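The first chain written gets the first letter, and so on, giving A, B, C and D; residue counts start at 1 in each chain.
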Amino acid sequence: MVRVEFLGPIQKEPLELEITNLNELAKILQEDESMKEWLENSAVAVNDTLVSSRDVVLKDGDRVALLPPVCGG
Amino acid sequence: MVRVEFLGPIQKEPLELEITNLNELAKILQEDESMKEWLENSAVAVNDTLVSSRDVVLKDGDRVALLPPVCGG
Amino acid sequence: MLYLYDGALDVPEILKEWYEQEAKSNYGAYIPFVGTVRSEDNIEGLSFDIYEPILNSWFEAWQKKAEAKGAVIKMAHSRGDVMLHESSYIAAVFSPKRRVALEFIDEFVEDFKASAPIWKYDLKGGKRVYALDRSTAIKGSGILK
Amino acid sequence: MLYLYDGALDVPEILKEWYEQEAKSNYGAYIPFVGTVRSEDNIEGLSFDIYEPILNSWFEAWQKKAEAKGAVIKMAHSRGDVMLHESSYIAAVFSPKRRVALEFIDEFVEDFKASAPIWKYDLKGGKRVYALDRSTAIKGSGILK
């Protein structure tokens, strides 16, 4: 199982998914209309490391996080 | 009379001179060998305003100051 | 070091602590940046969410960059609500010479604004409203769209 | 405002006073620069002479530049002796937004180093030795040579 978390202002409960890569995750999230804008402006971290492409293999126990636009300070 | 002051590290007592411009001051100070280096690296203020050329008329009561290289902080 | 606090920062106390921590380190320059909540758009204050694991690794990467130049960085940030004219953010650079500190504080604060995983909300009428228009998408965003 | 002190600066106290002076002014950014005496070349400390009339007018010109951008500058400096690891200089900018403050503190500190009528001496073996090699001739120097 891969756990997917939505950080900050994204109002969505965490998911537990049987997926093996980020392409599968993208397909699942694209079906959720409320996620459309967030998918465009959010960054993705796998096990707390930001990734810059979908070319990432996921294994059991991995954690994926979506990070929407930030504004600290 | 024009009062001439030497600021910071310049070890020279103030002068009271009968001069009417900075050319006359330059001539007088150039005769003092101990001033040679200071004349090269010092700025000049007339009545506490920095001047950028010798083209300044001096009148009775004016004050001239020589400011050697600075290093605040 | 990175310090997170619930609510507003005690700015004088933090600036003092940091100054004293490095009092004998032989740094010639200490430049803190203090961010304070401004009154605008009728907000009552701001509120912050922080995702600490990524904030920590982002900060550690900067600390290494600073060390390579003989400098050190400290940062404090608020979690939760911070009201008008209270402060939510302090970043500081210590370095032997001034140029490194002056350049580092600028680069650090700008990258903080663009990359640190912190989300800002306006407090208006008792509600928490995500400040999307003032937020910046992290570099590499959009790969799942 | 410009503040001159005999001997070392009480940095935490000054940073606190300035922060509190502007607490309700609605500035979003406060950036102090603190200069501290470093141990190098076996000095025991530094000593400073200040020529106040020109320092005041130089500072007022900068304050006007700051006002034109909605900002304010404060500065404190020591007169006389300041020993190792004590601080002799604080400059600070307050402004509504961060970019103005980040750029101003850099420009201000650099012009301060190049133009402010302050002379620095190394304290070595109880003597005061003018730090000529670290000093900068004011723009327009040499007109009497």
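We adopt the following convention: a residue touches a chain if its C-beta (ideal position, glycine included) is under 8 Å from a C-beta of that chain, and two chains touch if they have at least 3 such contacts.
Note that the structure is predicted; figures quoted are calculated from it, not measured.
Engineer: Hopping along touching chains only, can you work out the least number of steps from chain B to chain C?
Structural biologist: Minimal hop count between chain B and chain C: 2.
Engineer: Cα centroid separation between chain A and chain D, in whole Å?
Structural biologist: 49
Engineer: Report, in whole Å, the distance between the mean C-alpha point of chain B and the mean C-alpha point of chain D.
Structural biologist: 25
Engineer: Please report how many Å separate the Cα centroid of chain A from that of chain B, as a whole number.
Structural biologist: The answer is 71 Å.
Engineer: Provide the list of chain A residues touching at least two other chains, using ranges where the numbers run on.
Structural biologist: Residues 73 of chain A touch two or more partner chains.
Engineer: Among all residues of chain C, which ones touch two or more of the remaining chains?
Structural biologist: 35, 98, 109, 113
Engineer: Taking the top-of-page definition of touch, could you list the pairs of chains it picks out?
Structural biologist: Between chains, contact exists in these pairs: A-C, B-D, C-D.
Engineer: Enumerate the contact residues on chain C facing chain A in the complex.
Structural biologist: Listed in rising order, the residues of chain C that touch chain A are 35, 48-51, 53-54, 57, 77, 88-89, 109, 112-121, 130-132, 134-145.
Engineer: So in the complex, the part of chain A that touches chain C is made up of which residues?
Structural biologist: 7-9, 22, 25-26, 29-30, 39-45, 48-54, 65-73
Engineer: Residues of chain C touching chain D in their complex?
Structural biologist: Where chain C meets chain D, its residues are 11-12, 15-16, 19-20, 23-24, 26-39, 85, 96, 98, 101-102, 105-106, 109, 113.
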